[in-house]
Amino acid sequence: MTRIDNRAFDQLRKMTFTTDFVKFPEGSVLVECGNTKVLCCASIEYRVPPHVPQGTGWVTAEYSMLPRANRDRSKRDVAKLKLSPRSAEIQRLIGRSLRAAVDMEKLGEHTITVDCDVLQGDGGTRTASVTGGFIALALACRHLVEVGELGSNPIRHFVSGISAGIVGEELMLDLCYEEDSAAQVDLNCIMNELGEIIELQGTGEERAYTLQEQQDLVQLCAKGNRELIAMQKEVLSR
Amino acid sequence: MTRIDNRAFDQLRKMTFTTDFVKFPEGSVLVECGNTKVLCCASIEYRVPPHVPQGTGWVTAEYSMLPRANRDRSKRDVAKLKLSPRSAEIQRLIGRSLRAAVDMEKLGEHTITVDCDVLQGDGGTRTASVTGGFIALALACRHLVEVGELGSNPIRHFVSGISAGIVGEELMLDLCYEEDSAAQVDLNCIMNELGEIIELQGTGEERAYTLQEQQDLVQLCAKGNRELIAMQKEVLSR
Amino acid sequence: MTRIDNRAFDQLRKMTFTTDFVKFPEGSVLVECGNTKVLCCASIEYRVPPHVPQGTGWVTAEYSMLPRANRDRSKRDVAKLKLSPRSAEIQRLIGRSLRAAVDMEKLGEHTITVDCDVLQGDGGTRTASVTGGFIALALACRHLVEVGELGSNPIRHFVSGISAGIVGEELMLDLCYEEDSAAQVDLNCIMNELGEIIELQGTGEERAYTLQEQQDLVQLCAKGNRELIAMQKEVLSR
Amino acid sequence: MTRIDNRAFDQLRKMTFTTDFVKFPEGSVLVECGNTKVLCCASIEYRVPPHVPQGTGWVTAEYSMLPRANRDRSKRDVAKLKLSPRSAEIQRLIGRSLRAAVDMEKLGEHTITVDCDVLQGDGGTRTASVTGGFIALALACRHLVEVGELGSNPIRHFVSGISAGIVGEELMLDLCYEEDSAAQVDLNCIMNELGEIIELQGTGEERAYTLQEQQDLVQLCAKGNRELIAMQKEVLSR
Amino acid sequence: MTRIDNRAFDQLRKMTFTTDFVKFPEGSVLVECGNTKVLCCASIEYRVPPHVPQGTGWVTAEYSMLPRANRDRSKRDVAKLKLSPRSAEIQRLIGRSLRAAVDMEKLGEHTITVDCDVLQGDGGTRTASVTGGFIALALACRHLVEVGELGSNPIRHFVSGISAGIVGEELMLDLCYEEDSAAQVDLNCIMNELGEIIELQGTGEERAYTLQEQQDLVQLCAKGNRELIAMQKEVLSR
Amino acid sequence: MTRIDNRAFDQLRKMTFTTDFVKFPEGSVLVECGNTKVLCCASIEYRVPPHVPQGTGWVTAEYSMLPRANRDRSKRDVAKLKLSPRSAEIQRLIGRSLRAAVDMEKLGEHTITVDCDVLQGDGGTRTASVTGGFIALALACRHLVEVGELGSNPIRHFVSGISAGIVGEELMLDLCYEEDSAAQVDLNCIMNELGEIIELQGTGEERAYTLQEQQDLVQLCAKGNRELIAMQKEVLSR
């Protein structure tokens, strides 16, 4: 089966990482994954929320879509006076994923908030947010070292995310919107640079799936995440 | 390693299903999984939300905890004027899981809302909500057949959910609260009676985990879900 | 006139008090009054709100109905982003009634919050909440003594509540839902063990009522409350 | 015991009713009861809410305090994003009381909303709202007749409200703020022109009260309401 | 062109200032401008918000309309759970205007909140709120001097506001509701006693307007504000 | 006085207009004004709000800042459950300004919503939103003509906005953030291509200003708007 954009089944979309797209955050990147565009901004606060053990830090994330990021305009959350439940689910995933990247004791009493605002959505916004959010986070951590606030960098390992799915009964990596809309099965996988899993969310949209299919999808994601982490390393070494 | 309640590593907690605990819903069950108690109530409406294709039905779920379901009292959502993000995440999982159990064309233009209210939380409330929510849903579907509203039962297959995790570097099925709090890895798996996966959510709480560990945890959940579906069948055949 | 459930005009419905239905609150009881089921849970905090005089305590209550506690499903308060005005009215009544039971100086700087969550509503939920809420409150006070936090029990006197009404121009005690729906006059009366009134709320639903009728209804409630307080004493002496 | 303003124990405060204080509502009055000032405005809509039986009307009320109606400034409800629970309780009382005054079949498919906005609060705002709200309501009903929308006036009987209480162990009618703050017992009574009770709310603020005291307080309110209804008749006959 | 109420094109409506209409605020006035009635109340707090520099004070304003201040009843803000955007815009204007009147260092660490509640709206409510709000503010400042809290009065200069507009292609001062509804251009101008501009808001409702028209409208407002400040001085010298 | 970025007193910052920065809206542009970056997206709906006369159209605007658009991170509106009052004020200004550009009868029963989301704020975001919002609006109108929905373009005239102010007692055009923060007087002026005023908002931040100063600031804005409209024409003729 030929993919809509002629990619191989295990091929990522074109990825672009524009750091310094905005200048105020301590770390920021505009990540583009095909037509998906997410602006990821990391902001540092010099205090932590009450539930955090003394002497340690905290990393959290917020996720939102601009009203016209998609084919149809959606109302703003504030107009409905509630956070979109989908956004709530996604920002919890991003937050857990990014916290896994950081040594909270090394981070000390700092909170880093990573805002992931989707300017254009074309599938894969949650995993693009993790992949781009990690870069923003890493830049903010580097900033803390550069200004002398931290003695060493608290990043423990790189973290990226990608989706895979079953579309027309074929396995595919990095679904775009049309593929995602037609997928029988959709799986998002966040991994570290050792190829270990941090977060895994698989959903049988149109049908349930076997344990073997599940394993094959994770393997596909592992390939994608290896490539993404290589790109992250290149971006951060510029 | 001995478990806190002396269970074998692959042993479920004691499960109890009290149908008719409340009498107004078209289907309801009080599910107890160890000390976790969730009241699942299915309510039928004779109309569907606008996004549903004509002639088909809809299944949705809501999840909430009573303020003192846990060790500490938490404020009610309405006092904070927002749905807890954790509840938002969980009720989306329950909704997707239960929708997978139903043939929406057979259901016709009916909405079934499954309310899962946690009276006491001791770990595993989201999977208990799926397992109990399925029973409430099945009873409501049976009601629709019995009153002549539907010609045949729209349930496609049984659905249940269970957690597994890595605690003290050992794999365990059906974590209770103390185990869950100490887990390195936590995985929730919703399956159907064919042993296929409907929803999978794995989280590396304390560390990332390997693809092999992931597969082993899913296998453990498969065993638990087989047992749970057997119990569901027994309950529904009473 | 024969009552729907064959009770005498001055007869209470069958009352059941299940303490320890849930295990985390410092005091809790599942109170059943006929088909009405309310879970009352008392939670202790070791601080008081700002408006409370130094050295004294505070007792407050919250009341809510599960979405399918009634014949029809109602939306959750959080979905409407507002506390139901009826719930607001009722929880203020419960709070005032329970505060009347406690010597706030003896309670010291502790707040006891009594959550009354209606699992099934069949008339009389507000008075059942007071009657059951008192038991939860008394158990929580006893807990404070048992753990050595208080030297003596701050309960001043027992408190219970019951309704009476005029249905089909006959006076009746403890209206069930069908009776309540048809009542001309509905009166709720909270009393202490001396037979004195703490709160009285009378409403001419279908017609105004005379001072004599009002007095007769209060007398009927006095009989009911005497019986309820005897039951509370029995429950708390177990 | 001498009262703070030298009134007899059974004497009302000076009452003033300024109709036409504002000109847009179909009925309005500024009611002053001592230093308490409430602006009551009745607005007509030519439709009814969905729960109202076809062909019949509806009467509802809203109650609010201006931020600086009292000794201390309070935040606006909208700033807290919730209706004050006290206001919720009071506006339900006003609504029930005013509905009792109207023949809903004669009113036909009209909704009358009575807004009671407290400009200055000095005790007795809820009963002043009922007493003034009735006048606004009656003027709006008269308007419906005058414009030919109704053939006859739907008012069934006059309705007024007043408080009585026990202060320093003495019974007193129409408590002002200082008396109310010091009251042992506080009772609000809404009555019709036949001296029958429509709503009764009695609260033992500092102590419980006997059935005899309760009866005496109601008698005191009956005297006050007789005088208030005479004043309402005079105002409406101008 | 004759104006609807026969005023000259540069003539203010009849203005009335009733101080002490309510007695609790530290400063208050009921301002009437034709049929527009606004109750302005200034409340003092002995602390300032966090953004205010140490040792200096703060002045803020809130603006709201009673539900039936206008020809049609509008829902309360709290019923919609949001501050009306129009009110938000207006109260920011009032706040900026009144802050310009005060020397914040002389005010010291006090916050003065000026509540402007429109009892009846007939055009010009925002400028009437500034003109009346200034009087309430000045009275509250005088109170701070009288009670010895301040050594000297922190008012720097008088502030008032008025509208002008182009109606039927003629310039007019102080538009009433009918004129405002028909205006091509509407301009609000807040000035001090030196005839200098503090706030200027001009809107081409029906058409854009020239720089010359703009200047002519400001001149007209300057005349109105001179007269208003003379009235304010008279009121404050009583 | 030399400006912070060496501009002449009457010189605009470098303006960039990137159309098609996002691809889903019917019209969109990323406008950059110095370091200020605003994404303006126009969305068409084929219906109008109820208050709009039959057969005519409607144009409205929403304005928001991303959390880290500024030097400090601000909380999202939805986290505070209220639209920022500043945003409310600004989006009303943008809406009025853009409505002035359109012949609503020619637009027919279509609503165009222009979302202005500030990605980076460095002064002048509201006027940049008007200037960019006009381009997005014009592109959306052109789209309606191109798809045959409208017979002719409903744009009546071009609209742009710019600020001027008094900084260090000198008049300056197009204030950047540092200049705006230090300004004595700040004026925003929206104009059409005939040099007429649509909206004018002037604020004496640090001091009041004379009518002559006001006129000089408007003249400065007129120069800026002439240049901006020339740029808009160039962008739309590409």
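Odds and ends about this structure:
Every chain is named by a letter (A, B, C, D, E and F) in the order it is written, and numbering of its residues begins at 1.
Throughout what follows, a contact is a pair of C-beta atoms (placed from the backbone, for glycine too) under 8 Å apart; a residue touches a chain by one contact, two chains touch by 3 or more.
Quantities reported herein were computed from a predicted structural model and do not represent experimental measurements.
The contact pattern of A-F recurs in D-E, the pair among D-E, A-B or E-F where over half of the contact pairs coincide by residue number. Computed from the mean C-alpha positions, the centre of chain D lies at a distance of 50 Å from the centre of chain F.
Centre-to-centre separation of chain C and chain D, using mean CA positions: 27 Å.
Measuring from the averaged C-alpha position of chain B to that of chain C gives a distance of 33 Å. For chain A, residues that reach two or more other chains under the stated contact definition are 81-83. Listing every chain once round the ring, from chain A with chain F next, yields A, F, E, D, C, B. Those residues of chain F that touch chain A in the shared complex are 21-25, 28, 35, 37, 39, 41, 43, 45, 62, 64, 66-71, 73, 76-79, 81-83, 113, 115, 117, 119-120.
Interface of chain D with chain C (complex): residues 81-83, 85-86, 88-89, 91-92, 96, 100, 187, 191-192, 194-204, 207-211, 214-215, 218-219, 222.
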